[in-house]
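In what follows, subunit A forms one complex with subunit B and a second complex with subunit C.
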Partner chain A sequence: MTTFVAITVSGLALGAVYFLIAAGLSLIYGLMGVLNFAHGAFLTLGGYAGWAVAQQLTAARGGAGFLLTAGAAALAGAAVAAATELLLIRPLYGRQIAQILVTIGLDLALVGLLLGAFGSNSRAIGVPAWVTGVTAIGGVRIPDGDFVAFGAGLAVLGALTWFLRRTRYGIIIRAGAENRDMVRALGVDVGRAFTLVFTVGGAAAGLAGLLNSVVFSGALVDPTQGDQLLIFAFIVVVIGGLGSIAGSALAAVVVGLVQVYVGFYAGGGAGLAQLGNVSVVLVLAVVLLVRPRGLLGGST
Partner chain B sequence: MTGTRQRDAAVAAAGLHVSIAGSHVLQGIDLRVPEGGVTALLGRNGVGKTTTLRALLGLLPSSGTIRLLGRDVTGWPVHRIVRLGVGYVPEDRDVFAGLTVRENLRLAEIGPRPRYDLVYDLFPELKRRQRQPAGTLSGGQQQMLAIGRVLLDERPLLLVDEPTKGLAPRFVTEVIDVLQRVSAACTIVMVEQNVHVVRALARQVVVLDHGRVVHAGSSADLADEGLVRRLLGVSA
Partner chain C sequence: MTGLTGGSRLPEAVLTRLTGQRQTVTGRPGWRRVAAPLVVLAIFALLPFAGFAVPWVLPGPVDVVNSAGTLEVLGLGFVFASVALGFDVLFGFTGLLSFGQVLYFAAGAYVLDIALSVWHWALLPALAVTAAAGLALALVLGALCLRVRGIAFAMVTLAFAQAGYYLIEDNPHGLTGGDTGLVMAAGRLPPQLVGVASTRNLYWLALVFLVAVYAVTWLATESVTGRVWLAIRESERRAEVLGLRPFGFRLASFVFSSLLATAGGMVYLLLVGTAAPASVASTTVTISVLVMVVLGGVGTRWGAVAGAIVYVYLQQYLLKIAAEPSFGSLPAPLRVPLSQPDFLLGVIFVLFVLFVPGGIAGLAGRVRLRREGR
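Up next, the complex of A and B:
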């Protein structure tokens, strides 16, 4: 039972990281109809930004230091995402194939740049003990990093929900996902909303890149980690329903839990840990057959 | 067209061409709508009435020149044209189904002092249903919301596409009444199939056929049954 609880918490933490990645993908597709294949590179850049800041904070690896590291990761993701929207996506609105190709090209270029700059070896991110430690609750030993990831996911879900429900830009984003032309016909400069959505999505991706490194990769960051995660994030977006933040949150939890349960119980003993990944694809197939628009497709 | 006449016109389009998916829908529209009152755009289905409104607002790529409210808006982005003081009520209302009534209205605010009092005075039902998702409103209530959105701010020009289409008779009467009151303070260009509604509201009529203007004159022209049958294919 204690193992089950520990695995469940781990699955929720993994789901939280998936949600952070999927939220941006879903918002970007929902409002702009853009499939952003460079999102994985935003993650990786977030991880490297966190690593770079943590290098400078070796003397202050307490709570504030880690928050600075996380802030730097989010900022790096936001900055590169905003630049991507303004310089590469904006000139290509209405040309979906060209947008897909340019985001694929950007992803390859950024990964190549990181490989050139840092090599293929992983870099270790300095993190405080309260993130890497273990807490025992009722006899169950749970890594503190799981709490950090899950807490970050919940905080971002809460902030996004508030933003989408309570702010004018949130209303614009929700309306734009329904009918972009009509939003423009009401006098709204949709281009600003596009940049904002890309920036918010990039920030969440950058944070996810850091948390994935810290919680699930032994505090290591490497140039290709983002692309590996992006596949699962796309699966989460499709299962949840394109454009739906609530759907992404629900699907992220489902995918995270299924992946760790199957990976541990069905794959662990037989040395087939990849079964967890395969099971996620099966869940995707079932959802597409039963609910082609995803679990909560059409709602934000 | 002289400079003076251009200043007097709320809408002045010249040589307006629009192609959609390879089909040449507008084939050189020359349109002049004077300031004030309601001007009805008439014509059979598919002659380009809705396309004309969407092209004027910049929602469709077009060639030719467009002047609205005295400004050359050719090539302007849609939001800039709207912020000049142009309101658009689309054919199928296009309210945002997932947003509440209040959120739909909030989205339409473009000025510092939105006139909620005016909108709620014209459509008390919208006030009662502020928290209701717009997708759950009836067709008539959605039309109220679509019209209410463009009345939140003072807009000298309204482009209104088939405002009574598919509405129950009591809503038709209400919409006619509101448009009549609103037209006292602005110019309305209205696409409408219902000749009785046009007679009740319009001062001028412009008839399109095959993507061109084939008649422009007073709404009194609609009393000529032969003309109506020839241009619109319906009896007066």
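Up next, the complex of A and C:
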């Protein structure tokens, strides 16, 4: 029973990381119809930005230090994403396949650059003890990192929901996802909303990259980490329904839980370590067969 | 290939309406259209006899044209050109963007490898069973994936390919060799394909394979079925209104393309002698093939071939350049990015997408038009 609780918390934390990635992907797709393959590189860049800042903070590894590290990761993701939208996506408006292709090329180039700069060996991110420790609650030992990841996921979900419902730009983004041409015809500059969506998505991705490294990869970051994670985020987005934030959140939790449950209970014994990953693909296949537009997707 | 249209050939008028354009070839006179590819083919076929040195440009470690290194790189280029042709049929001719082509490539390499090396079969039955396995896999997964469209289709194909990758990594029953891969047992292969002297035979094998794939692809895309593929690419709704059932045609395109990938995987295994997940089953292979087709020019057939050969050549050549001793003396801001073929290929690809939408084939077409003074 205690194992089950610990695994469930771990699955929820994994789901939170997936949600952070999928939220950006889903927003970008919903508004612009672009599937952003460079999101994987944004994740990895977030991890390396966190690593670089943590290097400077070795003296003060207190509570505030990790917030700085996380902030740097989010900032790096946001900056690269904004630059991507302005320099590469903007010239290709209206050509969706070309936009997808350009993000694929960018991902290739960025990962290559990171490989050149840091080599294929991992770097250890310096994190304070309260992130890497373990807390016992009623006899269940749960890694503190799980709480950090889950808390971050909840916070971003709350912030995004508020942003989309209550702010002017949030309303423009939702309207644009509904009918881009109508919003443009009403005299609203949709281009700025595009840049904003990319920036917000990039920030969440940068943060997710760091959290994934810290919580699930032993505080290590390597150049291809983001791309491996990205495939699961794609699956989450499709299961949840392209363009739906709530759908992404729901699907992220489902995928995270399925992955750890199957991985632990079915994969551990049979020596099939990857069974958890395979099961996620099967969930995707079943969802698409029964409900091609995803759990909470609109009728497109 | 008329079975899917109810046994009768579609009249030209319907076909024209289907694709919205007449498939007429303008420009060069007929004999030049045939002569140029034949000359290129003859040069490639005679390359193993070229025992002279050419400085600077060769991808192999030795600056001799018929050195083993250079022939191996070109042979690999021919294999990927065949896979790229298959991908072009699916993406360029039918408009289906799949991110799972690597699965069928991996099936070709791994099933053949397992049949030869674990079960110790002879080559011919092993080839036949591998082809049958690839066909079955493509039929089942194709029918499943084609239930969804657009981005969802791309994602489902990606997900299945990834599942295949994980299974191979997991090394079930010790079949696949896991992370390190499975080395092909050469025991029952014909002697011409084994050993040091086999390099040129394998090179010719890859070249003959590419020519065969090109011919089959040409026949398929110029057939009635091929016209319907184009029609589906332009507008599936219109094809449906004209009384065709697109699903069968989309599945045919998917299976055709996947079978070429499976065949490519088999030739790859014979050429390289080992199947490893990172180079045979990972999604990066799908991305490479996509990059090849876009670099070469989508929907042009020869563009896919040119793109693949250029891509494989550049990847090896850039690695070789980066290993030169003089390269190490460059300042770090130049050396670090230039030492990564992936970085350079990514940048080239981005520039092509932004500024050369037609790829190499499009560039060639533009040059030709300008020379003819139009």
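The definition used in the following text is that the second predicted complex is superposed on the first by the 298 of 300 C-alpha atoms of A that agree within 3 Å, B and C clash if a C-alpha of one lies under 4 Å from a C-alpha of the other, contacts with A are read in each partner's own complex, and residues count from 1 in each chain.
Here is the rule we use: a contact is a pair of C-beta atoms (placed from the backbone, for glycine too) under 8 Å apart; a residue touches a chain by one contact, two chains touch by 3 or more.
These figures come from a predicted structure and were not determined experimentally.
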| item | value |
| --- | --- |
| Which of subunit B and subunit C A:116 touches, first, second, both or neither | second |
| Which of subunit B and subunit C A:292 touches, first, second, both or neither | second |
| Contacts of A:138 with subunit B and subunit C, given as first, second, both or neither | neither |
| Partner chain in contact with A:175 - subunit B first, subunit C second, else both or neither | first |
| Between subunit B and subunit C, more extensive residue contact with subunit A | C |
| Which superposed partner A:102 touches (first subunit B, second subunit C, both, neither) | second |
| Touching partner for A:188 - first (subunit B), second (subunit C), both, neither | first |
| First, second, both or neither for A:94, with subunit B first and subunit C second | neither |
| Intersection of the subunit A residues that touch subunit B with those that touch subunit C | none |
| Residues on subunit B engaged by subunit A in the complex (per definition of touch) | 57, 59, 77-79, 82-83, 88, 90, 94, 96-99, 103-104, 106-108, 110, 149 |
| Partner subunit A, residues of subunit C touching it in the complex | 97, 144, 147-148, 151-152, 154-156, 158-160, 162-163, 166-167, 169-170, 172, 283, 287, 290-291, 294, 336-337, 339-347, 349-350, 353-354, 357 |
| Subunit B-facing residues of subunit A, complex | 168, 171-172, 174-175, 178-179, 181-190, 298-300 |
| Subunit A residues within the subunit C interface of the complex | 29, 35, 88, 91-92, 97-98, 100-102, 104-113, 115-117, 227, 231, 234-235, 237-238, 242, 271-275, 277-278, 280-282, 284-285, 288-289, 292 |
